[in-house]
Structures are given as C-alpha cells and as structure tokens.
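Quick one: this structure, given as structure tokens, is what I'll be asking you about.
Chains here go by letter, A, B, C and D, matching the order in which they are written, and residues are numbered from 1 within each.
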Amino acid sequence: MSTKAAAETLAACKPWTREEIAARAARDIPEGWYVNVGIGIPVLLPNYIPPEREVIIQSENGILGMGPSPPDDKINRWLINASKKYVTLVPGGSYVHHADSFAMIRGGHLDLCVLGSFQVAENGDFANWTSAGDDMPSVGGAMDLAAGAKAIWLLMDHTTKNGDSKVMRRCTYPLTAVGAAKRVYTNLAVLDITDNGFAVRDLAPGLTFEALQDVTDAPLHLTN
Amino acid sequence: MSTKAAAETLAACKPWTREEIAARAARDIPEGWYVNVGIGIPVLLPNYIPPEREVIIQSENGILGMGPSPPDDKINRWLINASKKYVTLVPGGSYVHHADSFAMIRGGHLDLCVLGSFQVAENGDFANWTSAGDDMPSVGGAMDLAAGAKAIWLLMDHTTKNGDSKVMRRCTYPLTAVGAAKRVYTNLAVLDITDNGFAVRDLAPGLTFEALQDVTDAPLHLTN
Amino acid sequence: MINKIVQSMAEATADIRDNAVVLIGGFGSIGQPNALIEGLIEQGAKDLTVVANNAGVGHTGLARLMEVGRVRKIICSYPRTSDPVVFAELYRAGKIELEVMPQGTMAERMRAAGAGIPAFYTPTSVGTKLAEGKEARDFHGRTYVLEEALFGDVALVEAWQADRWGNLTYRSSARNFYPVMAMAAKLTIVQAQHIVELGALDPEQVATPGIFVDRVVHVPYGEPVVT
Amino acid sequence: MINKIVQSMAEATADIRDNAVVLIGGFGSIGQPNALIEGLIEQGAKDLTVVANNAGVGHTGLARLMEVGRVRKIICSYPRTSDPVVFAELYRAGKIELEVMPQGTMAERMRAAGAGIPAFYTPTSVGTKLAEGKEARDFHGRTYVLEEALFGDVALVEAWQADRWGNLTYRSSARNFYPVMAMAAKLTIVQAQHIVELGALDPEQVATPGIFVDRVVHVPYGEPVVT
C-alpha cells in the first residue's frame, strides 16, 4: 500500500461520498430497529431512511425517537443531539435521563449502533476515540455503545488521507471495544466481519476486488 | 421475668396504647424529615403528625408524599400503601417505580424509617420479619429500609403476650439488620440505643425504672 | 409501520415456553396483569418460575396460575399476604418452591438485568439469614453482599395507556415494578387500559419507553378491586 | 413549612468548601447551571474536582470557573468539544488534571452513589486503555470491570420547574445527568426557570423528587444559547 496505489485505485473507480455511505447503510436497516447514530458520517444516516420505514433513532443524551433538524423558526432550544446540534422529537418519542439512556444502551436494547471509526480490524476490534499522540482523549458514549448494542456498524473512509488502510489485520490505535464491529461501510466497499475476517458485500462502482485488496491492510474474502 | 411479674408491672402503671405509641413517636419527628412507615403500629403514625408540621411520608411501593386514607367517595383505586390500604397523595407528592423507590431508601435519603419489630437488642440488632418456626418468611422491604434509612425507630410492645421481654440483650429471632435501630417506642417506655445499650428516655405513666427493668431482658440505663 | 398492538390474547401470549421465568408486577391487588395471566393459563406453558412481590391473593390472577399447577417456583419478597391460601396450600404440600428476597434487592436485580449490569453490591441483608452463602465484600469500611442481575424470559405488564410503539404510562402506585420488569425481560407483553394515538403521550411522561415493549393488547377492564 | 427556595445566590452557594467534588450537569450548552457557577465563583471555593460531561465551552459557566483557577481536576467523558479553549490551555500548561471516563459509566456510577450501591460490574471499556488497572471478573462467560459509586459533595442543577419542596421537572434533552447528579450529591442546589406552587406539578411527571434537593434559587434566564 502506498499513497500512489491508493490514488490509482481511487482514480479507477467512483468512491462513495459521505452522503452515499450513509444512504447505503440506511437502506440496510429494517423497519422497527432501534438505532443510535454517532458523530461523523453516521449523523447523516437518519436523513436517508425511507420516510415510509419506521426506524427509531436514539441519542445517548436521553432522546428516544429523534427526528431531523428543525427549520430555523421551529427550534426547541432545549433539544440537541449527541453532536450538540438542534434536532426534533418524532411523535412517539420520549425523554429519559442519562443513566436510563445508558441502561438502554448497555442493556442490549438497541438493535444497532452506527459509529465512525479511525480503524477497524478483521477480528471486529475497532478504534474510534483516541490516537497515539492525542493529549485530550474523548471517549463520550462510544465504549458503552460498543459494549451494549446488538450490532455495531462502522461508517468510515477506507484509507487515511495519506493512503494508509484503516481496514486492518489488527488495530494500532487504542481500542474502543474488542470484537464488537459486525459490518463496515467505507467509501470503497461494504464489508461484513465474519469468523474468517472481512467478507466483501459490495464494491464502489468501477472498483475491483483486487484493487480494493491493494489498498486494504487486512486480507479480504468474497462473500459466499 | 415471668408472666406474673409482667402482669404486675402492667397493672401498676398505665401502658400506652398503640395509638399513643404512634403519637409519642410522631411528636419527635422534626419538620422536613422524609419518613417511611412500616406495617403494624407505625402505619398509625402519620395520623398524629401535627397538621402544621410538614413531614413527608414515603411508601416503598413508589409513593413520596403519602397522605391519609381517603373518604369512601374519594378513593383512587390505583393508590395503595405498603399495607395494601387505600391512601392519598398530598400536594407536592410524586410517584416513582420500585427501583427508584428503593434507590431513595438504600441510598440513605430517608431521614427515618419507623418499623414494627418482634425483638430489639441493646446493640441495635432487630428482628421483625420471621420467627423460628415461620414457614413462610416475608421480608418485604424491611431489610432494605433497615440498611438504608439514616435512622430506624421501632414501635412495638415491650413484652409478648406471655410476658417475655422483646427488649433483649441479644435477639433470638433471625435478624432484619445488624446494629441498625436507634430508638424504641414501646407501650411501657421510650428507649434510646446508645453505645452503652438501652437508655430510658421516658416511662409510661405510673411506671418506675425498676419495674421496667423487671420486665426487660436487657439492662437499662438512665439517660444523662 | 411499527405496530406492537396485537388483536388477541393468543397472539399476546404466543411463544411463552415451559420453564420460562415470568416477571409479574403489581403490588397487592393494584396493577395485576390478570387478563394476561388468564391468557397464559389458556396458552398452557408450565413449570414456570414466577418473580412477583407477593404470592398471589384469593383465587384470581397469579393465585389462579398456581392453582392450576403451572408454577414450579416463586421468587418474591412477601408471600404472607392477606389471603395467600392457594400458595400456602401448595407450599405446605411441597408442590411449589419459594425463594424470599428483599423487595429492594429484587427491584434492583431486575433493573441491573435491564441495564447491562451483571452484578452489584448492596448493603441490604448483610448479617442476616438471607445473606447466607452470598459473597460479601467491604467497601470503605462497610460490608456489602454481591447480587446478580435477575432476568426474565417474559414480563407481564399492566399499563394505563399505550401507543403502537409500546410507550407506556401507569397510574399512581400501579407503576411499581413494571418499568424495571419491562427492561429485564426478553419478551415484554402489556395489557393496557387505553390505547392512544402515536404522539398522544407527553414525551416527558412516558414511564416505559417502547424500546422495552414487544406486544400490547387492549384490556379495558376498569377499576381494580382490592381483595 | 418546608421551603427550599432561597432568595439569594449567596444563600444558594453557602457551605461549598475548598476541595469539594462538584457535579455539574448539562450536555453541550443545554441545561448548563451557569448562574449557579457564577455564584460559586463569587463564593470563592477552590481546588474543586468537577464531574461534567464536557470540559467547558467558550468562556462562560464551567469554562469560566476553570479560567479563574478554581478547578484542580475535571472528570468527564468528552473534553474535546467545539471550543474547549480554556480547558485546553490549562491542561497543556499542566494546571488542571483530566480523568476521562465513558459517559455511561459516569452516569451509572453517580446513579449507584445515589442508590446505595457501592460498586457494580459493567462491560463498558473491557479490553481497552480505560480498563487498565481495573478489577475484571467474568459472569456467565463475559468479562466485566468493577466500577465504584461516584459521589459528589455538591450538585449544581438547572431545572425547568421547581416547587418549594424541591420537586423538579426538566425540559427535553436538558434533563440529561441531573436526576442522577441530584441523587449522588450530599448538597443539591438548583437554579430553576420557573417556581410553581406546591401541587402544581403532575405527580406522574416529577423527574427529580424533592427528597434529592436541598436548595432552589429562581433564575429565569430564558433560552439557552448553543455555542
């Protein structure tokens, strides 16, 4: 892997945008799931859930049934999401305090948590809270979500700006959780994490399996 | 101690009735205290708190700010106390669920819990949930209350129907809690539990210290 | 569209298996899910372990479930209620097991189950018969016992209002164990006095959010009768 | 008559001592008890340990408390907010200590403190840097770490409505940590937008019962500004 290889791979295909990654993941969420979305690309996800499909979004600061951003003239100034942005509550939504909110999370009641990540490994480990040189590590609710949700999906770029793979044999950054991630949506591919490691579910338009492997640290497999 | 001694002592004085025991204890509760009252004599206590004195009664089934029994035509059929009797909620009262109710109790937020008891010992141990031959031991919330409230007062008869002392050197029944009781109101006396054991605060009308000692298993002291 | 409201008691009680741990709320006669219990009797599951505060009153509800022989064991804080005749008879005949547990410990163990806490320490019962055999440990000079999470396979809930997402409110002291039982069970089944439109419940006042609820059946039985 | 409502900020913040552990709720800019923090600055207590989700934003509230040199240590889940300039500067200059803790663990540790639970096990952080040095234990085949109760000497609370018994409601996501912080502190001080008559709050909707509240001061500051 190198900056050059990565650049060539990216040039040869049409990588998904952040919005397309979020939309791709949103499409895979069944009706009725309770889902927490983290900061980064995941925060875009609720915008892409088909309006006829009811998916209930949780925000760890005590909101169950979070709706989209309000128009400027309809802001409730006491209602923000985990990214500190104004949001709305959908009909059927409710408020709880922080300990009850994390009881939902830790207690395994969320069907899914969608997080951003710095790195993910073929054993499901992932690292999204602090890098080696970070002097102000900020974990927020990521470790609770990672330990508690029934499934963790990661939405992230496939490589760093330098072309280094973020899809690894083993994470090099401090872990958020051990063996927790189940699926990864990157700008280049959709990967399942199986007992045999990463299995490719989908490729960005124009991308080949081999070109994806060229920019990926971990060995990739084809889905059966 | 014997049935005869007890009978003589009781005949020589004017023992307090259950209502008088409850009233005597009620008089000693300062304004602003949060108080749980158990089944038995304690359930009478709220009736004797002076109306101008605000004392907030908790019931472990999720009521904070419990009021007296309602008149027959004003019963809320969803509102009962721990003794399963209809009660009311006072203005300023509120409802919580059982885990939150026992969080109040176990977390040390109640100033006082007033319980009935089979036996109490000079080290503050007491036994109020099951006797030796009881095949259906029923603890309810007594152990949580005993472990959690800032103070435990016991309202009880001084002797059994057979004249045996219930105010003991050591309890013989299975304990509810170790060293928890702080004060005892019986039909014969008011006793503080101190580092030196029972100290007599008050005697029933006509009763002497010596006559009380005659029907009491534990050694008694005079208060300073 | 998410719709947790089912139209029959058979749908409501489907999938409850023999040997299930069934959490049944209510305190005294208030908030007893008697219609669901009747449904469970009809459904037929047996060898049940029931977690409830009391061991049934009279011959209805939980008492009836025991009377028809479906309960192998009861875990409760206070079996000795005003009229536990069914339980007392079965228990003295050796036909039902009893485990007595402090009421607050019972509530907290279910809250722990729902909150992903496998075990916690509590001061309740230290130095008593009920702490015998339990692991004890000191923190900051006081002794506590270890208690594990108490899970249910099923919770039977009686609520005041419910919507199609399973959001619930309760009424007065009928709230009791329900919010924690709904969290602690794999399958939470609700009988509700009132079914309301989605959005009709005040979001500040939902006592059990729908995330903890699987099925709701409309049972407008009216007022409870204290027995 | 019980009356927890005090008439001045000086009364509200009396008795807060140097070295106190101060619990400050709010999440982002929502529900920050900024008037109480100003009162605390005026009051003068120093060498404080603050427990809060974030490490202050801009130059107001908690950031201001740090800026004037009253905070020795901050325990939080997410110091890296949009504008943690005050904290960042102090921290990089070695003038303030930082302890980072998972958000749910922080909330649960305070709930435990309020609920008389000295310690509990949690799956959060197992196998990570934040579990280093923590006691680990397996239950039913999964590993958990032991976390102890987190007590406060003082909690500073921002509420929507309050009555003279200290019953509180919050508004939308401004509820956040407050109900557990109010339970976890020895002294709970509230600034409330609205003071209402006793009995005016719906008993089904009180989010913090007055038993957890010591003092209330009326601060009708209007709407929060997100920074």
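The criterion applied here is as follows: contacts are C-beta pairs under 8 Å (C-beta built on N, C-alpha and C of every residue); 3 or more make two chains touch, one makes a residue touch a chain.
For clarity, every value in this text was computed on a predicted model and none was experimentally measured.
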Target chain D, source chain C, minimum contact steps: 1
Mutual neighbours - chains that touch chain B and chain C alike: D
Pair joined by the larger number of C-beta contacts - A-D, B-D: A-D
Between chain D and chain A, distance of the C-alpha-averaged centres to the nearest whole Å: 29
Centre-of-Cα separation between chain B and chain A, whole angstrom: 57
Inter-chain centre distance, chain A versus chain C - centres from mean C-alpha coordinates, in Å: 36
Interface hub residues of chain D, defined as touching at least two other chains: 108, 111, 115-117, 122-123, 170-172, 203-204, 207
Sequence positions of chain B contacting 2 or more other chains: 89, 95-96, 99, 102-103, 105-106, 147-148
Every chain pair in contact, whichever chains are involved: A-C, A-D, B-C, B-D, C-D
Chain D to chain C touching residues, read off their complex: 108, 112, 115-123, 139-140, 142, 144, 148, 169-172, 202-205, 207
Chain A to chain C touching residues, read off their complex: 31-32, 34, 54, 56, 58, 64-65, 89, 91-96, 99, 102-110, 147-148
Complex contact set, residues of chain B against chain C: 59-63, 76-81, 84, 86, 89, 95-99, 101-103, 105-106, 130, 135-144, 147-148, 174-178
Contacting residues of chain D [partner chain A, same complex]: 27-31, 77-82, 84, 88, 91-92, 98, 100-105, 107-108, 110-111, 122-130, 170-180, 207, 223-226
For the chain C and chain A complex, residues of the former touching the latter: 1-2, 111, 113-117, 163-165, 167, 183, 198-199, 201, 203-204, 206, 209-212
